[in-house]
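Multiple structures follow.
Next, two complexes with subunit A in common: one pairs it with subunit B, the other with subunit C.
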Partner chain A sequence: MKLVKMVTIMMLKIAKNRINEFLAALKEEYTLYAPTSNGVTKFEKIEDLTSICFLPNRTDISLKSIFFPPKQKFFRWKRGEMGYELEDYLDGEEKKVIFGARGCDIRSLKILDMYMRGEFSDPYYEKRRKNTIIIGISCDYPRESCFCSAFGGMVPEDGYDLWFTDIGTHYFVDVGSDIGKELISLGFFQEASPEDLRKKKRRIEKVQFEIERRTRIDLCEVKRCSQEIKKKSQDEIWRELGEICLCCGKCNFVCPTCHCFDVRDIPSFDGSEGYRIRVWDSCHLYEYAKTSAENFRKEKHARVRYRVYDKFVFPVMRYGVYACTGCGRCTEVCPAGINLREVLRRLVE
Partner chain B sequence: MRNPYLPEVVPIREVIEETCDTKTFRIATHLLFNPGQFVELSVFGYGEAPISISGGGDGYLDLTIRAVGNVTNRIHRMKAGDYVGIRGPFGNGWPLEKAKGKNLLIVAGGIGLAPLKPVVEYVCRHREEFKMVTLLYGARRPSLMLFKYKFREWEKFMDLLLTVDEPEEGWKGHVGVVTTLCDKIKHRSDTITLMCGPPIMMKYTSMVLIELGFPPSEIYLSLERNMKCGIGICGHCAVGGVYVCRDGPVFSLNKALRFIEKPHEVQGVLD
Partner chain C sequence: MEFLNLEAQILDLLKYLGIKNFRLAKEINEMPVDIAFVEGTPTNREEIIKLLKIRKGSHILVALGSCASTGGVPALVNTLRKREAMDVYDGEPPEIPIDPKPLDYYVDVDYRLYGCPFSKDELIELITDIIIGKNYRDKEYSVCVECSLRENGCLLEQGLLCLGPITRGGCNALCTANGKPCLGCRGPYEDANIKAHIKVLLDMGFSKEEVMEALSLFSYEKFKEVIAWLKEE
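Moving on, here comes the complex of A and B:
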């Protein structure tokens, strides 16, 4: 409802044929990230504006790798006089603009922030995350796997600086922050009419309705659903899923909120120097919970259950929110055909 | 902002051979710690491993390490003067304050004595702060017992109950798993229990202690997980909505029962 309030303050739109001018102006000052396609759609640093892909809905690969790359150097170590010299690799400080983020992308950043910028802050994430301007955009229609309506809907309440909605020849523009107001002053925007506002609302309602029709699960009562799932730790569904899950970890990698990592050393040939890196890890892999004494999640069903719990039970206990955005990427990539929406429906029924 | 992933590069001051597969590395550092906390040990070129602190003093820290993995096997080949990295300390540590003025039961199995050694040493230095103190220690074989050279001193301050699974020549003590010694503990009520050992030992010992009337809220366990970051981000130590590295590694049995799958299994699956 915050959206409506914003609109009464400022009703703006931008002509579609001026978008490139606007982005070019931003690119002068910021590093621009936007969706591109190379068979797989993902967010990439934009050098040439023509490479931007105007997609109807979310990208295949989530935003998280901009802030939390699949492989990231922590520091370089080099043997020296006094043992080892360390050279920190904190990087990615550039001022960024992300254009074309979806509601699920924006919500996923809020969830990642909760894990990575909490009591203990992750400096590598923090450095990439700050100074980021986000320009979001409403989806034209949902993907088959989408169910964001279960987690707050297509338009997030906050977390964006500008929000665009396609209304034909123009994008309707909502301003979500003071930085958003500054961007408006760049001069590419014009006042929107009440008719534009109606068009925007209709557009959003239509897509939202379409997502809800597909989803048909009411996860709005956050606490209740979480408790339902918590009660099902011994349900036979886990054995069933354990039978079919390949434990390949694809769902972890495409998930915009999965943030597990492993820490490794990459030494040079003679071992006199090398890098300490982190790489994405997956709770579905056999080795994940192995210690010197025991593997705590040896069985596949335990690992499948763990991931569902770590999205829908544990974060609710700890932070009071679901760690799922309903983007449906895990369902889309699963080679065993596990549909998270169906799993949830069975669990809360 | 201090970068929590950057280790402090420190030299090994001394290497003490404990058993055929375990050594204590005395690391030169001024890091302060609470008994029960751990550090992330770096062996450059091999990576990091979480290691509990088994002692410390003026300008040094002891890490008692069994050679089981990449990092630990490599450090076993290192000697005094070689450099390693440490970061930490991490975790909450043992609730020693709660034990003051009460009876104290320390239960250790195998390498599990390492994180409890700072507690034992604290008791030796501040014996008057506790009522009866018992150390119950079990190992697979007599030759695998850690810190044997300290036993005579420790005995002056506490009841020392030792047991081995398999006796060897010259062993005159008790034979059997740790649980078979539980009825020799002279105190039941008003006791804080601190326990660390293999999951199976902690599970059965907790069951026996509960049967003997020790309340689960006063039994504390140190859980082992393969922590990669130490600050609750990497996910490896997550169990039932808690991070062992940050919220633990010491939990009361009461609390541990809440986040594990089967109440009778102390270190469980669901997680």
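Moving on, here comes the complex of A and C:
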């Protein structure tokens, strides 16, 4: 106990040329996920450490699909002598380490957890989500679309086990949990100096400044901003956006906190056996709000508004927080050029 | 012909369905049938009469593939004056052709399997639904949906003329997943925001002509109003 306490007080760093050794050691016990690049950058299971991509900022595709894949089998059914037999596909447990998560990734997991392992628990998500170690990393510079500073900045308050910040030849290391404390006892870390700490702070401030320069939007007063947006339900802006939105759903799919899915059955020709699966769904699609009686969001502008409300109004009413991380992915992929940051600026100004 | 490519499933399928009439694969063909799959679209009077007969002799009529469900490539000829179109033949054309139209221009169509070629998975889905008694529905969303589910990079972002956002899904983004922009072989879906996508393409720097050509390739019959609008713009 005493030792652990000492370690937390001590400031730590890890030499860049020892990162691979460290990851290799983790890989012995855990499945390692880290950013890779194959046209698009995303988190993938790492077999060979050289395939890891050390990116300057977030990946194109978020962490979401590790825990909540685009298509997932629930179970297989088969008609037997004694009625239907079910074979569940709750995946086997996997102890994972995620290396290279960004602040927005970590916040998005907190939001997904809120939806999928809070009030309602999703066993398929839970199974993949538990036993996950997260090693986060500060960005070197933001992307054009980033606006995480509107949600508290690049470094999250919690949600990581270790947090790395590039300080030249080394990464400065912050420890965020008991598991993090265990990891630093692995022997790859060394004491950092006050100068290292200064470097880290300077580094973060610089990037933070860059992000704020782009963002120029303050959403920190959650209640007030959310009210402000709610009041604008009849605003001109929705018509404008509804006209240009292609309702392709890309913003939903790429969003690390969008979590809607459709449940489908894939039967054999006579229905005697088959699979039940879930597939990501999107509130921009025509059939999303269609019921046997009515389609509640037939018009495109209603769908665009709904998505913004489902990030900035409804979750605030229900959980007191936004469901957006400011990662800017939706803005980046939108073929119609709809920029969420600008939309918010118009709404709260 | 995609039917014969069903290899893995065809024997299983034959437990439930018999094939009574298959010009390309069978010698003796009979009518009436429960389900008629019609590929292609009539381009002369005889073919229209044949189509009407098939409709009469079948419970369910399925338009199979692009030409049958949207008019497909043959409808491209509708963009030209007939006389120009006839120039492709040396001398006398075989018969005076009529404008190729989707089958539902002539007869009631129960189901459509879009695409060139149509998707085997959708064919199986349709047959299963018919056997089980479920209602098979057209996909009411774009190719982008399936492309995003495969976590591909966006070809529009790479500056390519892709019709994904306005083209009906169901192909599992076969082309775009292989780096080829969507040509729109499945035609537009009802909810597609076609004008907005045209605007996106024009803003990307494509000319009106290029956009019109892309729209005409597979679904001129479906896009002709919007093409006329674009010409005027």
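Keep this in mind: the second predicted complex is superposed on the first by the 337 of 349 C-alpha atoms of A that agree within 3 Å, B and C clash if a C-alpha of one lies under 4 Å from a C-alpha of the other, contacts with A are read in each partner's own complex, and residues count from 1 in each chain.
Simple rule for what comes next: contacts are C-beta pairs under 8 Å (C-beta built on N, C-alpha and C of every residue); 3 or more make two chains touch, one makes a residue touch a chain.
Treat the numbers as computed from the prediction; the structure is a model and nothing was measured.
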Subunit B versus subunit C as contact partner of A:D88, first or second or both or neither: first
Partner chain in contact with A:K71 - subunit B first, subunit C second, else both or neither: second
Partner chain in contact with A:S193 - subunit B first, subunit C second, else both or neither: neither
Touching partner for A:L246 - first (subunit B), second (subunit C), both, neither: second
First, second, both or neither for A:P267, with subunit B first and subunit C second: both
Which partner reaches more residues of subunit A (counting touched residues only), subunit B or subunit C: B
Those residues of subunit A which subunit B touches in one complex and subunit C touches in the other: 267, 271
Subunit A partner contacts - residues on subunit B that touch it in the complex: 1, 3-7, 9-11, 42, 44-48, 66, 68-69, 83, 85, 198-199, 224-226, 228-229, 231-236, 238-241, 246, 261, 267-271
Complex contacts: residues of subunit A adjacent to subunit C: 39-40, 42, 60-61, 65, 70-71, 243-250, 253-254, 267-271, 279-280, 282, 285-287, 300, 333, 335-337
In the complex, subunit C residues that touch subunit A: 12-13, 15-16, 127-128, 131-132, 140-142, 144-145, 148-154, 156-157, 164-166, 190-193, 196-197, 199-200, 203
Touch list for subunit A against partner subunit B, complex: 74-75, 77, 79, 82-86, 88, 90, 115-116, 118-124, 126, 233-234, 259-265, 267, 271, 274, 276, 278, 281, 283, 288-294, 296-297, 299, 302, 305-306, 309-310, 313-314, 317-318
